[in-house]
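The same chain A turns up in both complexes below, where it pairs with chain B and then with chain C.
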Partner chain A sequence: MLYQLALRNIWRNRRRTLLTLSAMIISSALLILALGIFSGMLRDMLASATEQYYGHLVISAKGYQDDRDMFRHFSMDKSIENVLKQDEITGYSQRLRSFGLLSHQQNSSPGEILGILPSQEQTVTGLQDSLIDGHYLTADDSNGAVLGSGLAQRLNVVPGDQLVFVTQAADGSIGNDLLLVRGIFSTGDIGYDNTLVLVPLAWLQQLLVLPGQIHEIAVKTDQPLNAAALAEQYRVNLPDALEILDWGEMLPQMREVVASYAVSRMIIVTILYLATGLGILNTFFMAVMERTRELGVLMALGMRPGQIRTMIMLETAIMGSLGLLCGAVVGIALSLYMALVGVDLSGTLTPITYAGGTILPRLHAVIEPANILIPSVCLLIVSLLAGFLPANRAAKMQPVVAIRDAI
Partner chain B sequence: MALIELKSVTKIYPLGSQEVVAVDDFSLSIEAGEFSVLAGPSGSGKTTLLNLIGCLDQPTRGEIWLDGREVGHAKQKTLFELRLRKIGFIFQAYNLIPVLTAAENAEFTLMLQRVGKKQRRERVLRLFSLLGLDGLEHRKPSDLSGGQQQRVAIARAMASEPAVILADEPTASLDSHASEELLALMQRLNQEQGATFIFSSHDPLVISHAKRVVRLQDGHLESDQ
Partner chain C sequence: MIFLSLLKILFLILIFLSGSVSSSLAVDLRELIRAVEQQYTGQSSISEVEMTVVTGHWERHLKMESWSLGRERFLIRILAPIKERGVATLKVENEVWNYLPKVDRVIRIPPSMMGGAWMGSHITNDDLVKANHIDQDYNFTLLEETNESWRIEGIPKPDAPVIWGKIIYQIFKEQLVPSQIDYFDEEGILVRQILFDDVQTVSGRTIPLKMTVVPLEKPKEKTVMHYRKLQFDVDLKKDFFSLGNLKGRR
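Let's turn to the complex of A and B:
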């Protein structure tokens, strides 16, 4: 009975109900979309930080990531291979690193040379997708190089040009050799675009006189936000001389950004729903005030204050649930559009590097359950809170006062 | 024992810094099956008395007994229960619930009493037939005339078979023809069903139909005929 009454009461003033519902739907749908875009931005940043270079986990000799000392190298063994066979690991790449001078004709520039196995590296980083000229390294490439656009510009090279790389080898000699530019990438992160060069692992091992040696293994997992726990889990199975770091340890600022995201999300939800809640509260108060006499009659007929309160709370709960459902549907639809199509802003904005990650000039949403659940649940709570005050007021009314004009 | 007994009832309302004595040291006894009217000019205390008898208000002093129970100082919870089980109200402005149909309005107190759907529908249809409301069960109050709405209000008041039906100026919103019809109807219900009716009114038509006329003046009993 109370449910039926509540349902009919909602639709007695269709225009007001539709306006209130619209406010609920629009606010929750836009919030779902905004959080989706926010998550997309964060995902882009995290991906740029991890999937362009570091990976989600890095296995290296203890202390190597602090000083990048050439002599802290290691080779693959059975225990490392066993760790890399874990289900959560979707790819890994063995790397050898060197720093030296690159030159082409009269131009020279310092650079970071990363010796890789192309087929492995493509399972961890997405640099092959950032190529703007030429092509990526192939498995049989013996002296090819793929370099960042900023570096290529500085050296004034294009695919097909030759480069000379000079560095110190592990045996104390000066190693130098020719590289052939195969491709040029542009990630949007000037740190990589201005310094990074990918070369075949064997070429660099030979140049540095470190046959079969590597400096690190970059690992990609299917649970980037759970990387710290995975690192902890794998650590015990690795040789003592090695360490495994998650992206949060490699990029502490990025970890802070991710951690602050949850707080930022709740702040946004709170601000938006405070405004929406006040609107809903106003509407429900109006609806109750208008029905003061009717509520008095209901109490005169024997309806208890608790039933009055429940009836009005049911009205708000039904409205909140309707708003929640419709808002979620519209929000998911908008987020899906932004996930599949998105908005390209590269014509007006340039990429921004922040906390080790790159904010790409695009609006792109990702759909995460929390981004739908949090606005939806909060909308319901706000509706119930907004309904409680007028419901409580109505329940406390004296019937004789409420219907003074009637009897 | 009388169905309703008021013993030296006084009701004082605060009005700003002053007090208004609406009913002063008033005593009255009403037996079951009566068809009485509380008559008097505006401000004489009729509505206050009806509120007190109907457990909508409580006296400042004195006792009110309803069906053998002192209700003048009962707890709110008890008052709600008494209104639900013992009292039927007919309001001047009908006060039907606009979102319910005529039949649902009449069934409302039965729904609150948790009477089964079949039983309450049967009871209401019987009343509708008696009140000449056949075929109007599914109409909303806004689709009914004033007289029809007031008859639905009577059906609502009578559906739960209360000890007493209180009607405040029941003809105030009706024309003389509809008023005559309504009063004849209530008279018939009083005679055939044995329902106890107490009206408050200054309408000579209502007063002429009453078996007992209790006249009030300034909160005091003026006459009881």
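Let's turn to the complex of A and C:
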């Protein structure tokens, strides 16, 4: 009975209902979009720090990441392969690293050489998407090189040119060989653009006289913000001589940036929730408030205060859920647009490199369930509260006083 | 009165003498260090050296021949092992080039790599370039004098482009040959020692033929250079030290 009454009440004053609903839809949709953009910025920054180079987790010999000592190498074995089979792992890349001198004609420059398997590396880092010239290494390439734009400029090379790399091999001899420039990438991070060179793993293993050896395995997971817990979980299954580090341990500044970002995000989100919540509270509150007289009549006809409260709560619950449903749909649609298209600000802003991550000049949203569920639940509670307060007030009045109550 | 003026003159003479003594000593020290730093090169030289490099991971023996002219020109080429035969380094003034026969390329060492190891040893490219200028870039004082030897301290001149914070030489008085050189970094920590051994007289000069470089932060490592043949004041022209000759095509 009450349920039908509530439905009829909603239907009766369409203008009021539509007004209340639209307030709900617009505020919740904008809140969902704003949360999506905040998450997108955080993910962009984290991605630039981890997906240009480090990956989310790195497996290496104990101490290797501290001094990058060439002799702290290892080879793939069964136990490592088993760890890499976990569901959360979306990709991994075996790497061998060397530091040495690169030269082309009269120009020479120090550089960091990363021996990789192209098919694996692409599952961890996104350098193949940052190419500005030439193409990425292919699986059958024996002596190709893909290098950063700053380094290419200093050496004055374009795709097709030859490069010499010289370094000290693991047997003490002077390792030197020719590379062919295949592609040039530009990440916006000066550190990588000015020093990094990708070469085939087998080429570097031969040059360094380290057959079958690697220095690290970079791992990408589907839970970057949960990387520390995953590292903890995998650690027990790895050989004793190896260690596994998450991005927070390799980029401690980045971890602090993420933590401080989380705090500032929370402050802004709280303000957003308050603003949206108050808007909805206001609309719902007034909508019930103006019906004090009507509620007085209902009580005069014999409706008990408890029934009044339940009826209003039913009304607000129905309207709130409907509004939030529509709001979530609109919010997801807006977020989807921002996720797929985004807003490019590169005309007015340049990329900022900070704490190992690069903030790209674009607005880009991501869709996370928490960004839709949490605001929905919060706003529903707010709207129920907004309905309950005036209903409670009316229910406590004498019917005569309520009927006389003029707005 | 006369006595007093005599005293004054005596005093002045004393001051003059002590001044001239200390200044002449300073010049001597500078000359001495110059002679020590150039003991293997002289005006010009041709030599054959065996170099042994020991690290915690490997041990290598290289045989090399080298040519030098004055302070500024220097060419060294590896003769053995076969894998690295023909690898050569040319220094002309402040520039260093390496030649790599495997890829047939000459590579100029950029300033940022001057601190890097030369041929995998504990000698840096900077040592090749700057060692010959030590007598010009440092001020020297005599720390200690015994019957056999001098201990001489070198402190860099205020604006000299040097890598060491302090150098201490131990030099045998009689033969004028060094026994040990200690290198300190800017914080005053001893980081490297060069020990000299096997003193012999070669083409009229008395020099230690064996030189051991010990990096103190890596206790197990060392580089030993042993001169096998040494010839001074040979007929070498400036154009011998060319990029063409670096490649070994004469």
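The criterion applied here is as follows: the second predicted complex is superposed on the first by the 335 of 407 C-alpha atoms of A that agree within 3 Å, B and C clash if a C-alpha of one lies under 4 Å from a C-alpha of the other, contacts with A are read in each partner's own complex, and residues count from 1 in each chain.
The rule we apply is simple: a residue touches a chain if its C-beta (ideal position, glycine included) is under 8 Å from a C-beta of that chain, and two chains touch if they have at least 3 such contacts.
Everything numeric here is computed off the predicted structure, so don't read it as measured data.
S.K.: Examine A:E88 and indicate which partner it touches, taking first as chain B and second as chain C; both and neither are also allowed.
M.R.: Touch status of A:E88: no partner.
S.K.: For A:S109, is the partner it touches chain B (first), chain C (second), both, or none of the two (neither)?
M.R.: second
S.K.: So, does A:D133 touch the first partner chain B, the second partner chain C, both, or neither?
M.R.: neither
S.K.: Figure out whether A:V166 sits in contact with chain B (first) or chain C (second), or with both, or with neither.
M.R.: A:V166: touches chain C, not chain B.
S.K.: After lining up the shared chain so the two structures overlap, which partner does A:E368 touch, if you call chain B first and chain C second: first, second, both or neither?
M.R.: neither
S.K.: Counting touched residues of chain A, say whether chain B or chain C comes out ahead.
M.R.: B
S.K.: Now for A:N176: first (chain B), second (chain C), both, or neither, which partner does it touch?
M.R.: second
S.K.: Is A:F71 in contact with chain B, with chain C, with both, or with neither (first, second, both, neither)?
M.R.: second
S.K.: Quick check on my understanding: which residues of chain A belong to both its chain B contact set and its chain C contact set?
M.R.: In the superposed arrangement, which is not itself an observed complex, chain A uses no residue for both chain B and chain C.
S.K.: Would you tell me which residues of chain A are touching chain B in their complex?
M.R.: So the residues of chain A touching chain B come out as 1, 5, 8-9, 12, 293-294, 297-305, 307, 399-400, 403, 405-407.
S.K.: Contact residues on chain B for chain A in the complex?
M.R.: For chain B paired with chain A, touching residues are 47, 50-51, 54, 56-57, 76-77, 80-81, 83-85, 89, 91-93, 95, 97-100, 108-109, 111-113, 156, 166, 168.
S.K.: Quick one: which bits of chain C touch chain A in the complex? Just the residue numbers, please.
M.R.: Listed in rising order, the residues of chain C that touch chain A are 53, 55-60, 81, 83-84, 87, 98, 100, 102-103, 105, 107-110, 112-113, 116-117, 119-120.
S.K.: Flag every residue of chain A that touches chain C in the complex, lowest number first.
M.R.: It comes out as residues 71, 101, 103, 106, 108-110, 164, 166, 168, 170-174, 176-178.
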